[in-house]
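Next come two complexes, and both contain chain A; in the first it sits with chain B, in the second with chain C.
Coming up: the complex of A and B.
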């Protein structure tokens, strides 16, 4: 029986269908198969780059990866005779959660075959770090990585930030049901256009236009820095994908410091701030609604928190004498604060210097910025600006309610693409996700401490991995315990999907009889 | 040529002109110990030599990281090969002042080199092409295409 049959039946048959889990497995299997087929297609890109660079020993790694993805994906699709005609909310969430895990395993194949990872788990770690636009890495000898593998790493970050599932399904399965549930499952909820399919394509159109402009800007910057034309273009392509997706991957081990260029840093700063903004905001500006920039609660929230944290951290750095001049304070203090707040993870200092040289107050500001995060429906992680804004409004609302007479009716409004009245449901939803992030950071910090790492580094790294940031105090390395690596994979995956999809999966595994629809 | 061995956590033995010999990893792990001091490092040139007028940036790699060296362009031109996937970079010895937050370069940690010598030439790296991997990759793709076509055939009305 399919979802279409259930739609036409009476309550007694719907109840009978709900007791059978096969419908859910059917949906997951079919769409996971579609996603894996898409993974096979995109592996052509790094294979082509390797061929262009003359890296013929690397090309078969991607052919094997593509083959595994295509065989696996087509097998899953073949197991389902037809496409599902309906996707319930919980099934959409499950599909997203499972598809990301399966894709991680398949995408790790070419990475592992490269020989730059000490284990398959390490390769999976980096793939998940890319998908979730975190940026923490376990790769070995990054400075001698092939162009194909570097393209693959940065492409994973770009695709993960855009919404891998939505990409696959919007381009490979036009008009299929449940696209919106999968879109929400990947941590986005802004409908730019009435049709979800058109919304997905609009997001991709915006991203591709920025890709062309941003890569061009980076290409000019890297040439100015002294790179040759071909290498500069490759680096520009990689840097854009990483910056726009607020991923934090870099083609060299020194991250942005490799270029020793204020122009490269400036372009990176502009691109990753733009990348951290809500896609709806980009669309609004493109559509001529520029007032949205000043009225939007999320932008206001981001400006307030980033300004406060920047001022405090700069004051701390100045007082401590770490950085003396205005330019140095800007290039180090502001860059890293915004890199943290947008959850990008680019660095222009070494991790050891964060711990050794930066004062505790500045480090605390960076930790807090990592947690606050970027915008909803963007490539960024963390609490998200709209939730921070709603939480702040909720506090003010409750204070007003307490201070005003009992008979007074307190109404709090905010603007987020349209005018909203603050209600219990919105406050509850925002505070729930903030609570889940906080719990996850705490558990991860405890795991780091249990593994024997110092307190400051443990807290810093916990905030970084949970918020999908990627700044590191040096804790993340291939020598981490296996259990901690697996924990980090789980945390990155959960954080990127904003916990709901993962919690639905856990709930499904525990209570397989019935799912809430 | 100066030896670069170093006990972890301790400053290296002094080399010529009072410079401390240190490896890149130790320098970056404990930068405060070497801030403002003359150091001598040895490592592989990675990436590209980036010329900026009469000066150049050379990144010297160690185990897992690298440090930027600001050097006279004439000295940098001695470098013939830079480390990448297809090449091993020249091994150089650099002596200069280590700055933990260089005010001249936006607060970047770097070394302002006084001397740079190429002590070992790099070169092209032969990467063998695995026929087994090519065969496996192409074979899996063929199977995958057949499965995809089989699925489309079954789904067709």
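Coming up: the complex of A and C.
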């Protein structure tokens, strides 16, 4: 082993370690500690941006945050003393769930110190919203936030979207035993290459290449929109990170509407649709397998659902007379539908307009799109295209079984990077996650209603927060009840981790001694 | 290792092998770069085509 896992103990201790299985708490502590150390390193980036922008009063916020992360992370690693030689599935899941929560608390320190949040919980809310690529915000006076804090907010989105635990461990701990368990725990399951370490590097290679190209495209667009070269470049950097990670954070309170630019909207559309695609698909296309674009079940599922929902919502908007010309229908109707479907959350209208002007049918289409979400193993949230595709195939499969004679053998195939035969296990796994999302949306909608919000807005916001979308009907604000803020944090966290890691954590807390390995 | 092929290779052949190794590495990088550019172009073109399709749908709906 190399890097942070370099075994500095003697052979006798190494042997003892191999014989003695390390407890779950130690595994979590050790890896969470490493993740926190990595968070400390990342905080240097916004500090540098602050320094470049001459915001010297902001730099200490990040240095204090980095100090807290470094001390906290090192303490956790020291408490564990030795690196685990093996990580079980349940331990990997628990590590992800706990690391995300600890990282949220530590990452909220510089945000809170900025003075733009009414409370530490509000700062935690925004950090979790960033990590989970949701995009809902409680920040105060967003239009006058420092460049450093804006970089920090968007960076959290970018890192959270790619999978921050896997990133931290793949770069700091090359060759450590349980990377795949953490990869799955973070809601990704498509292994691009045989080695997890290489898979993580491939994901980061794709993301960084797109970062360079996408930031360039946004820089041209923001320059055309009238921003100065330096400010335009900063906005381009932030917008790309947010769009690629389907995060929805924007440097201005009016989101994309601020730019009043067709080119910015067009670049944003292309980037967030690309960001919502499966990393496996990016890798396949980049490796020369271009046919995967047309054959992949997930792409077909996305094309069908987005086309149907777009058509219905555009018809509803046209009939209601909200937008009349083709250009406005595209820039408002299609933009929001795709922003919802890719779980990005960028807006080109005010949230209040969404509630007041949009017809109920168009709103319903957006709610549905928010739930369907983007692709699996991408930065997007929601049910994910592959699960929607499998659920649809399962329905057709069952219908065929009912209609054909009992002796007939019904086989349903689909293509998802390779040819598959639809089995009970795949159908069960897809339907389970869809069921859990639906239950969580219902519970969140009930919580919103209990807090006194109207039904339509409650449903819209519940779908947005559960699907990690970030579109808002105006409910999410610093004035919302504390209990609802905490509930939203939990929902964003569990929705992004696709419930499994969180359910394992709940199981661990209830039956601590009976954890399945 | 003494007596192995590497040990008995003439210096000119050994130098050629080293050059080949270097060429292979450069080829890998070139392949990665070409793959990235064509891959990105394919993906971006697919998305833009799809968006153009939706823009046409918007125009049709607006004129109905």
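We adopt the following convention: the second predicted complex is superposed on the first by the 495 of 517 C-alpha atoms of A that agree within 3 Å, B and C clash if a C-alpha of one lies under 4 Å from a C-alpha of the other, contacts with A are read in each partner's own complex, and residues count from 1 in each chain.
One rule holds for everything that comes next: contacts are C-beta pairs under 8 Å (C-beta built on N, C-alpha and C of every residue); 3 or more make two chains touch, one makes a residue touch a chain.
Keep in mind that this is a model prediction, so the values were computed, not measured.
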Touching partner for A:303 - first (chain B), second (chain C), both, neither: second
Chain A residues touched - chain C or chain B, whichever exceeds: B
Touching partner for A:252 - first (chain B), second (chain C), both, neither: first
Which of chain B and chain C A:270 touches, first, second, both or neither: second
First (chain B), second (chain C), both or neither touched by A:70: first
Chain B versus chain C as contact partner of A:225, first or second or both or neither: first
Partner chain in contact with A:290 - chain B first, chain C second, else both or neither: second
Chain B versus chain C as contact partner of A:326, first or second or both or neither: second
Chain B versus chain C as contact partner of A:56, first or second or both or neither: first
Contacts on chain A seen with chain B and repeated with chain C across the two complexes: 324-325, 327, 329
Chain B-facing residues of chain A, complex: 37, 40, 53-64, 66-71, 73-75, 77-78, 81-82, 113, 140-147, 225-228, 231, 252-254, 257-260, 262, 265, 322-325, 327-329, 331-332, 348-350, 352-353, 356-357
Footprint of chain C on chain A - complex, ascending: 209-210, 213, 266, 269-270, 273-274, 277, 282, 285-288, 290, 293, 303, 307, 310-311, 314-315, 318, 324-327, 329-330, 333-334, 338
Chain B - residues contacting chain A, complex: 28-32, 46-52, 56-57, 59, 61, 64-66, 68, 70, 83-86, 100-101, 103, 105-110, 127-130, 133-134, 136-141, 143-145, 147-148, 150-151, 154-155
Interfacial residue positions of chain C with respect to chain A in the complex: 35-36, 38-40, 42-44, 46-48, 50-51, 54-55, 57-64
